[in-house]
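Remarks on the structure that follows.
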Amino acid sequence: MRLQHATWQEVDAYLRRETGIIVPIGSTEQHGPNGLVGTDAICPETVAWEVGERYGVLVAPTQNLGMAQHHLAFPGTISLRPSTLIAVLRDTVISLSRHGFTHVFFLNGHGGNVATLSAAFAEIHAERSMGYGPQPVGELHLTTHNWFAGSRVRELAESLYGDAEGTHATASEVALSWFARPEAVKHVDMSPRIAPRGSAQCDADEFRRRFPDGRMGSDPSLASIEHGERFLDASVSDAWEAYRAFIRPI
Amino acid sequence: MRLQHATWQEVDAYLRRETGIIVPIGSTEQHGPNGLVGTDAICPETVAWEVGERYGVLVAPTQNLGMAQHHLAFPGTISLRPSTLIAVLRDTVISLSRHGFTHVFFLNGHGGNVATLSAAFAEIHAERSMGYGPQPVGELHLTTHNWFAGSRVRELAESLYGDAEGTHATASEVALSWFARPEAVKHVDMSPRIAPRGSAQCDADEFRRRFPDGRMGSDPSLASIEHGERFLDASVSDAWEAYRAFIRPI
Amino acid sequence: MRLQHATWQEVDAYLRRETGIIVPIGSTEQHGPNGLVGTDAICPETVAWEVGERYGVLVAPTQNLGMAQHHLAFPGTISLRPSTLIAVLRDTVISLSRHGFTHVFFLNGHGGNVATLSAAFAEIHAERSMGYGPQPVGELHLTTHNWFAGSRVRELAESLYGDAEGTHATASEVALSWFARPEAVKHVDMSPRIAPRGSAQCDADEFRRRFPDGRMGSDPSLASIEHGERFLDASVSDAWEAYRAFIRPI
Amino acid sequence: MRLQHATWQEVDAYLRRETGIIVPIGSTEQHGPNGLVGTDAICPETVAWEVGERYGVLVAPTQNLGMAQHHLAFPGTISLRPSTLIAVLRDTVISLSRHGFTHVFFLNGHGGNVATLSAAFAEIHAERSMGYGPQPVGELHLTTHNWFAGSRVRELAESLYGDAEGTHATASEVALSWFARPEAVKHVDMSPRIAPRGSAQCDADEFRRRFPDGRMGSDPSLASIEHGERFLDASVSDAWEAYRAFIRPI
Amino acid sequence: MRLQHATWQEVDAYLRRETGIIVPIGSTEQHGPNGLVGTDAICPETVAWEVGERYGVLVAPTQNLGMAQHHLAFPGTISLRPSTLIAVLRDTVISLSRHGFTHVFFLNGHGGNVATLSAAFAEIHAERSMGYGPQPVGELHLTTHNWFAGSRVRELAESLYGDAEGTHATASEVALSWFARPEAVKHVDMSPRIAPRGSAQCDADEFRRRFPDGRMGSDPSLASIEHGERFLDASVSDAWEAYRAFIRPI
Amino acid sequence: MRLQHATWQEVDAYLRRETGIIVPIGSTEQHGPNGLVGTDAICPETVAWEVGERYGVLVAPTQNLGMAQHHLAFPGTISLRPSTLIAVLRDTVISLSRHGFTHVFFLNGHGGNVATLSAAFAEIHAERSMGYGPQPVGELHLTTHNWFAGSRVRELAESLYGDAEGTHATASEVALSWFARPEAVKHVDMSPRIAPRGSAQCDADEFRRRFPDGRMGSDPSLASIEHGERFLDASVSDAWEAYRAFIRPI
């Protein structure tokens, strides 16, 4: 059910029975001393592939780059500007819409993408509302689901880590990424154990001053591969529930 | 304390003691049968002027146009695209930053602006994080405060209207706008009494299909000028608290 | 007759009898030692509201920010780049055009906006001329009227101030803004009495070198509230004459 | 003195004694039944080359495309959008500024370019005023001279054609272009003799409705090669006077 | 050696010994009856990971979307406009440059990306050449290597398929993608055996008219997993040779 | 057959029998010690005019500015950014397409334009493929022919100069430009006789370090006016052959 592994004739056949698609979107940014630069892309990709496999939903290629400007003072971060990401999302949706996809479900792994996703949806809808956009296309529904914010995931993170979950380089996302990439697990002592809390709405230099090792409010040394497996189950249930409600609202 | 009423020498003097500024931002869009097209601009402007008056904070001119593409099927709505609004906010902040303003507090009256404000802040910060922007400027802090989401305002709306408050053309915003513009009060029967609920993330034609008279989940016939006065008090307290926490974080 | 004070149903009713609208557009920029930062927005807004009141023409919210890059070396100035202002004007016109407005009359208070307004009109028309724009919309007429350049206003300024009228922070605009905002009148001695003359086509630092206190060729200490009232009458007559000629050309 | 005919070493030598340059800018658009599509480029180019020759001023290559959207309903017209032309002018000026040119004198042949030239200058200056542009560059002066609006040219046109000069496909510009390109002279009867007058601020289809054969208020059948020679002399004097005043203001 | 699997501290350490990085870039587009929609991303990603593994070069996340507008009439294709892709590449390079990467090697899997990659490099260099870009960054080298155009790969394709290799949905790329994704191999008869040849420089509808099943000049039914393994070896040698020459030119 | 010398009625008549057009495109950039800054525009313009004359094909005005950012460290160079050039080419093609031109043949004189031309074509086609562009226009074919890369020109350059032809400020283009502008011939000794070879994919300062006098691999002192005449013949034959194959493919 991965678009990358299908032929165009197989996509054609899929569109005759189903017009929804999942697009995983992440980021490429530092995730503290033991978290992977790819965490935010690996997590939603893993969840999306599992949803696709279990329930027969087509999954587009992962958008690996997101809006991560505040992490640019840490080596390895690659950020798009919001205006660039809006253009990427717009072209993605127009392309899918041309083929007859009516419901595009962005499965998101990065809090920093949320506002830009929403702005991009409005930009796309505005083309039609202002009457100058891709007028022939029909119905078009767009939504974002943050895997890390589903109710089952939130509950599990609370029960496993409590206050040490944090808001960036969280224990839960590190756990899920380790389950997906066990060869990349790193064991690192955290100092301080729980990172400082605060706002990420600033530029890169200021962010690094506020959060010297990149973590925000978390102790990701609590993460484990076994936890990751449980997060996958929880997030697949959350995402599938959200997808169904999106495709066929009551 | 209104920037429009100051000379440049007065602004110069202000900057020697204080480097924060409030920018009211609203929208120009339908607000149902008895709500004003200007509701979303009038409300934050009224709150901002009152905060400015009481506490000596400078208030910039109101940004009257916001992101309202989903309301374009109702006459009178004027919308900026997100990309246009990002450019406006960017130029506004760069201008203020050049003069030495370090804290720009957007007092917002429209839910549809929230994502674009956040994307705009990231666009501005990204210029600096990527090293190609207005490098000489110093400290720069940006935030959004939604007057309608402050705790005192929420509590008052709950106590006065409960479920009939709604999410667009709400009873509370109609009340506040009427207090600010008593000459424009309209008495209209609502049918159905409480408007349908749902999502506004769609284009203009779809929005009008979902919400035929423009209201979302509200009964704004419950609004009154007297309520409006109480909302002003509540929102001024909320906004001032938020402003102080922004300017001088503990 | 202010769009901000109407409901969408009232706009709907207006459109059945009349499809013209006035959009006041100004700037937020220094106006010398006794002129208000908001002068260029306050003046056309005041004229537009009076025209609307007397003659029943709908008036859109004021565009408070204009093209004022050359004033940025004076605190309080907020400028849009021409490209940003073009986008704002384009979205404004497309929004109005969608509702059936056919004649958009920009009542302008700032000389620095004139070229950008004209470029924006051409950008909007070019979308249609190139066949890729908002094709369904019908007739579309766009014009700019500078309140300060009407024949009655010019004559009055000449008779009251002669050479001391100047070209920025003029005596006439200071007078009109004071009539509109009597609470903001400032009495300041001018030195030199008449400011230097010259061109404003330069960047901000160069502008401040050329015009140290912000005035260009004017002595606005000659202004008075009583003069302002006369300027209002003259400019309302000028604007109404221009509006009628625009809406119903002979 | 044509930049296209110089080597870079010759430009280098020129810059040691002089830092001004003339950039001819025109348009590619219909000019009625006997006017050439290239009229607006050929005229300023011819004037510029003659000024360059007589007075030793460097002349850049002609910008052949301008803002001509209103002429697009006539075959042969090629128009840039204002936003495109702003980008072209901006890159041109930044390139010249990098080499040390401090005064860029646009010798313009098309009324439709005037607003966009002015907006482009503001866009360029705004980059510096906002502190994010090409900061290292030094002094930068930009101006437009319309060859057709110089006092000697106006006087000559008045004396030769009176009311039949018109405002597009004028007798004077046709005459000058014929002097420059005698091989392209066309003899065509005009009907009506003097074309209708009116405004060109509209889209292409509307323009063609207003001005069926492309002329505006003119009778270009009055033009002759001999007149063209006199217009060249007049316009070279006008342009040289304007250039000197620009380079070395009193 | 995959950036997605590294921590920022590991990237930091890498940068102390090496400042080159490989960025795989592909496309998401139809590849005929037996080729995968993800072929153009899977191939360079596979080559890049192998080069990274064997020679210790860091590999950035794959850019899965490319310039594929001409394939949009086949379901499953997702295309960026050239202008969007330029923005993505620009932000990617600026991000990497900020960290100290000096050599960015794009390992490309799609012919349709070549021109846009080159234009993007020029856009990035132009920011510096015009003096307004990310000035503090140091040395910056950018190049594209097309895995499918390396000498060893060309020789192998010629020897295996001769004329049946083709230019889109080629036998060689199908073979390599199958080796990388054996679970996605499809056996489909081709009719005609060798697809028509021609140019892809056209829009989507025209492309589908020219190439009805999506192939251009190829018979990809000749592909096999075993061939794919040989193409991987050949392309890794080609890419590594090109990378070394890029990093340390003689 | 020059569009600049035609009336719109003549273009109208041409379009009834023929819908192809040639657009010369060059650059304004240094060409070493004896080459003209205008070489890259003068050469294709000369070839285009000759093709137009001999075979009755319409020739649009020359695009004198191209993508020359790498030459900006040499005085006299004027460069457009790729994004600006894309906008220019897009507006040019949309304008021509509106009139009914179906085949636009860019006769190019500058290697640095090739990628951007190709990206611009894709941008134009993408507007249609994505369904939001100038939909009413019909057939649209776009191509680039590099006069310097035609087989007859290559053969002649090889026979005359061998290795001394080089890749920038080549002997062949200097020869052709001298034939076109005999008054601008310069005799300069070259040192070293053959300039260094290398890549031009870098910024302006780096380019000047690599190629101190601006030449790349050439000895243009071998050029002569007589050679130029032979290059004109060869290139006219090459271009006409390419044009015919483009207009009426077999």
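The first chain written gets the first letter, and so on, giving A, B, C, D, E and F; residue counts start at 1 in each chain.
One rule holds for everything that comes next: a residue touches a chain if its C-beta (ideal position, glycine included) is under 8 Å from a C-beta of that chain, and two chains touch if they have at least 3 such contacts.
To keep track of the chains, here are their UniProt names: A, B, C, D, E, F = Creatininase family protein.
These figures come from a predicted structure and were not determined experimentally.
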{"item": "Partner chains that chain C and chain D have in common", "value": "B, F"}
{"item": "Listed chain pair D-F, A-C or C-D that repeats interface C-F [over half of contact pairs the same by residue number]", "value": "A-C"}
{"item": "Intercentroid distance (Cα basis), chain E paired with chain A, Å", "value": "24"}
{"item": "Inter-chain centre distance, chain A versus chain F - centres from mean C-alpha coordinates, in Å", "value": "46"}
{"item": "Sites on chain D at which at least two other chains make contact", "value": "72, 79, 81, 83, 91, 95, 98, 129-130, 132"}
{"item": "Full enumeration of touching chain pairs", "value": "A-B, A-C, A-E, A-F, B-C, B-D, B-E, C-D, C-F, D-E, D-F, E-F"}
{"item": "Chain A to chain C touching residues, read off their complex", "value": "129-132"}
{"item": "For the chain D and chain F complex, residues of the former touching the latter", "value": "2-9, 11-12, 15, 28, 30-38, 41-42, 60-65, 72, 74-81, 83-84, 87-88, 90-92, 95-96, 98-100, 181, 183-184, 186, 188, 214"}
{"item": "Chain F-touching residues of chain E, taken from the complex the two chains share", "value": "67, 69-70, 72-73, 79, 81-83, 86, 112, 114-123, 125-126, 128-130, 140-143, 201-205"}
{"item": "Interface residues, chain E side, partner chain B - complex", "value": "91, 94-95, 98, 127, 132-137"}
